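In this document, chain identifiers A, B and C correspond to the written order of the chains, with residue numbering beginning at 1 in each.
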């Protein structure tokens, strides 16, 4: 149903080692070597536990994204009040003038 | 009965009748908080000024002739709910000093109904945990035994209500975070049907599972708070636009004609003889009230934990991306934005949050999405189908609310053993069902009596049926009356316990 | 010019393949294959998922709320009008509107994207397929299929400081304004069916005109409400396989799209012809140097971790809504252009001018409808009427001159009842609100006279009064004829049939 990833069976995954550094990079969390070690171990253990679901035959089962089926919840195209800028910028870790300020962006950091 | 021990229903009645003012109730509650919370740690932030101002407003409205459903009822607000002008931390260093500029819908409805926000209650960081020990900011203790945990993640609200530091505690339940701390602290913990209470203003953990609900000392109070909070909210696309039946006015005293399903797969014998005896007694008590007990089967419930630990982390990995040091909250500087993100999130999130973000990121990442996330969503369908089949033969399901009673702080160091605490509550969360825990007795551990919770669960939208049954059971058993606050709670402080 | 002689030989000073000249003149042995991704901001009152105003500009960080600033606990609710705009856009290009659509989260971190995920559509967009019909400057009609149009939300805007030139490279920090964050954005993805810069611009102009006419977007590139990237590759003419593509970004106008694509095609041809290989990469267009340069040298595979947004519910588009929107759909630019240019035989310039001004085109259509004469209608509408419109700052379609009047005028001219001079005068008087031309003509006796007796009378008078001119004419200066005819027309107050005046005058002078 979703073509973004190649189909793999969980059974083959259980033998994969989770690439914790790659995942941490995607999640934008710096990990110490110690954390890499510890989280790697813990997540590996957890994955073994969750792999029990591979036993279930779900080929003909639809996925549940939401438990209560609902459709077309839309708002009218109406303007509502905004927050005032003072409040908005008072939250900013760093602001400059009327802007939020961040350190330099390495091109295409995303 | 002292003022702080009065139920929410009783307080609201008395304030509306002008027997007592909201201000008096508030002052008494704030006094109790000041007296014991150093040792309990239920509140991250006490809201003395806001509470008194709110109480005065309520008194003015009452004087003006208004009747308010929750007039003067002291409310503990879990710290993952936005209340304008208050620090809203989610139990995390990353939001340690963030002041919410807006108020969430459920909290607003409580305020509009005359509820008094007395404090923001402690919680496991981002609601991830079952003991409150994952709060990065404060340790909360179980008021019935200070050596034990209050449960989690809504441990602060559960402890506050149990210790009479509020009549109503607002909690949020993703996989058991209201029901389990309710059971641990000897109070009622009620999670409504997913979508019944708006999530607007609730800091998301796992969007498709999160649901706000009350923690209270009585079922009546739970019904009162639910009736106030529930209902469609145009600010939350997943809130349900469907007529709401008031529950409070429909509470009954018996279970005649009700069929209650006992889940074959949840045989309590494996929890030990003492616990088994408590649940067997609870089931017999249901029967005595006129219910017919029938065996039901939830064959895929055993896969709930695995399913949950894929879906909830996946959603959380995305929901928690916004804590990036750009617009609010903690920032740890770096040479460039990327470094800043990584340093901020490394310093701002605790280990459990990091673990869940990492596992969720992994489950969604290229090559694994179908095998993990989509697979889990399909199993979620199967679990829901099991409940539907079961509810074809019964009106309610009864089972344990947690895998054990409250344990001693620090006892569960392995993440997975902590996850197992929610074994009995997760399947209902995955199916979106309304469920609650109600005190059902206690076991004796090291000479102390530790409470247990009975979980009752109903089909989607059957809150009325559910609360009515729980009320009947509570009225017949009155287990909450046996709660005894830890004697150390009122002792003069001997030092910082935190 | 043979291929060998063409200027894109190795080392040639100015590789011109892909250049305007080369396209037309020199059949290159290379064919460019171009796909275009366009982001177009939708025109709505409020943002996609919150009630903040969707307006360009304004004081920074004043059009933000908990939702579009991604404050903890805030939740999105979809804008109904944005979804309807998408359906209209899809229908305009004959796209399929699936019955079921949903929103997904595209996860990546970027400082001007508040949630650090973008609400977008992954595998079930609101519209699928479709075809954009467009035309080139010579009137050739072309087609390019669409892959899809999906709905998403815009990011905020970063200003890069410290690099001196506002560029991201070398900047020391960036300043962010979130006013634009959450503005509804449609992403139109084309199939790789465009083959040169002219086609690319023709395609983009067709998109733009269509969206403007539908009212779904203002499409102002200078305000950033249309942004596009082009995927460019080359292959030997006749080859089936696609070459390695480069993605070109930072093109800020249709002109820069044209220049960037030409430059990139030339660059790729040069590389391949000198034995090199094009690498897959993202390249930025530099307006100043007129070249593209590497932005991201190694195309790292993004792992966006798409999944259905659990904060939003699916969209089911019922067929009645589709039909209602389809029924309200105006005639769209490509069809209108084809009708004007191919059927009415208007020039490319005339047809384009009308297509770009839908109310004027409708006015023109009404004139044609009433007069059955497209050529005369276009002459009046784009000629005298448009001139008066410019002078008075009143659009033609809001002036007192009704299409019915224009049709009457055309009939008067075509039947030789009035001459063109009178016609011009009548247009001016109709503009002033004097009513239907026929009644003016009748009332004032402006009908053209072809009575030889009357015309001779006028001519005799003029010849008598202009003896010198008559002498000049007879002395060989035949160009005074124009003057003399003019005098006759004047004497007749413009009513004399000019052809007849000419004829009679010649007779009298010889």
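Please note the rule applied: a contact is a pair of C-beta atoms (placed from the backbone, for glycine too) under 8 Å apart; a residue touches a chain by one contact, two chains touch by 3 or more.
Given the structure is predicted, the values throughout are model-derived calculations rather than measurements.
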Chain contact topology (line, ring, star, complete or other): complete
By mean Cα position, the chain sitting nearest the middle: A
Top chain pair, ranked by how many C-beta pairs fall in contact: A-B
Chain A-chain C separation of Cα centroids, rounded to whole Å: 41
Chain B-chain C separation of Cα centroids, rounded to whole Å: 58
Between chain A and chain B, centroid-to-centroid distance (C-alpha), Å: 24
Shared interface positions of chain B, touching two or more other chains: 98, 101-102, 208, 234, 237-238, 317, 321, 324, 326-328, 337-338, 341, 361, 365-366, 369
Multi-partner residues of chain A (each touching 2 or more other chains): 1-2, 4, 26, 28, 65-66, 70, 73, 75, 83, 88, 100, 102-105, 109
Multi-partner residues of chain C (at least 2 other chains): 66, 69, 77-78, 107, 109, 111, 174, 176, 178, 303, 305-306, 310, 312-313
Chain A residues within the chain B interface of the complex: 1-2, 4-10, 13, 18, 20, 22-24, 26-31, 35, 39, 42-43, 45-47, 49-54, 56, 58, 61-68, 70, 73, 75, 83, 87-88, 91-94, 100, 102-106, 109
Of chain B, residues touching chain A in the complex: 98-99, 101-102, 193-195, 208, 234, 237-238, 240-241, 300, 303, 305-307, 309-310, 317, 321, 324-331, 333-343, 345-346, 349, 351, 354-355, 357-359, 361-362, 365-372, 374-382, 384, 415-416, 430-432, 460
Residue numbers on chain C that touch chain B, as the complex places them: 66, 69-78, 105, 107, 109, 111, 114-117, 174, 176, 178, 301, 303, 305-307, 310-313
Touching residues on chain B, where the partner in the complex is chain C: 80-82, 88, 90, 95, 98, 100-102, 104, 199-204, 206-208, 234-238, 314-315, 317-318, 321-324, 326-328, 337-338, 341, 361, 364-366, 369, 373
Sites on chain A touched by chain C in the complex: 1-4, 26, 28, 65-66, 70-85, 88-89, 96-105, 107-110
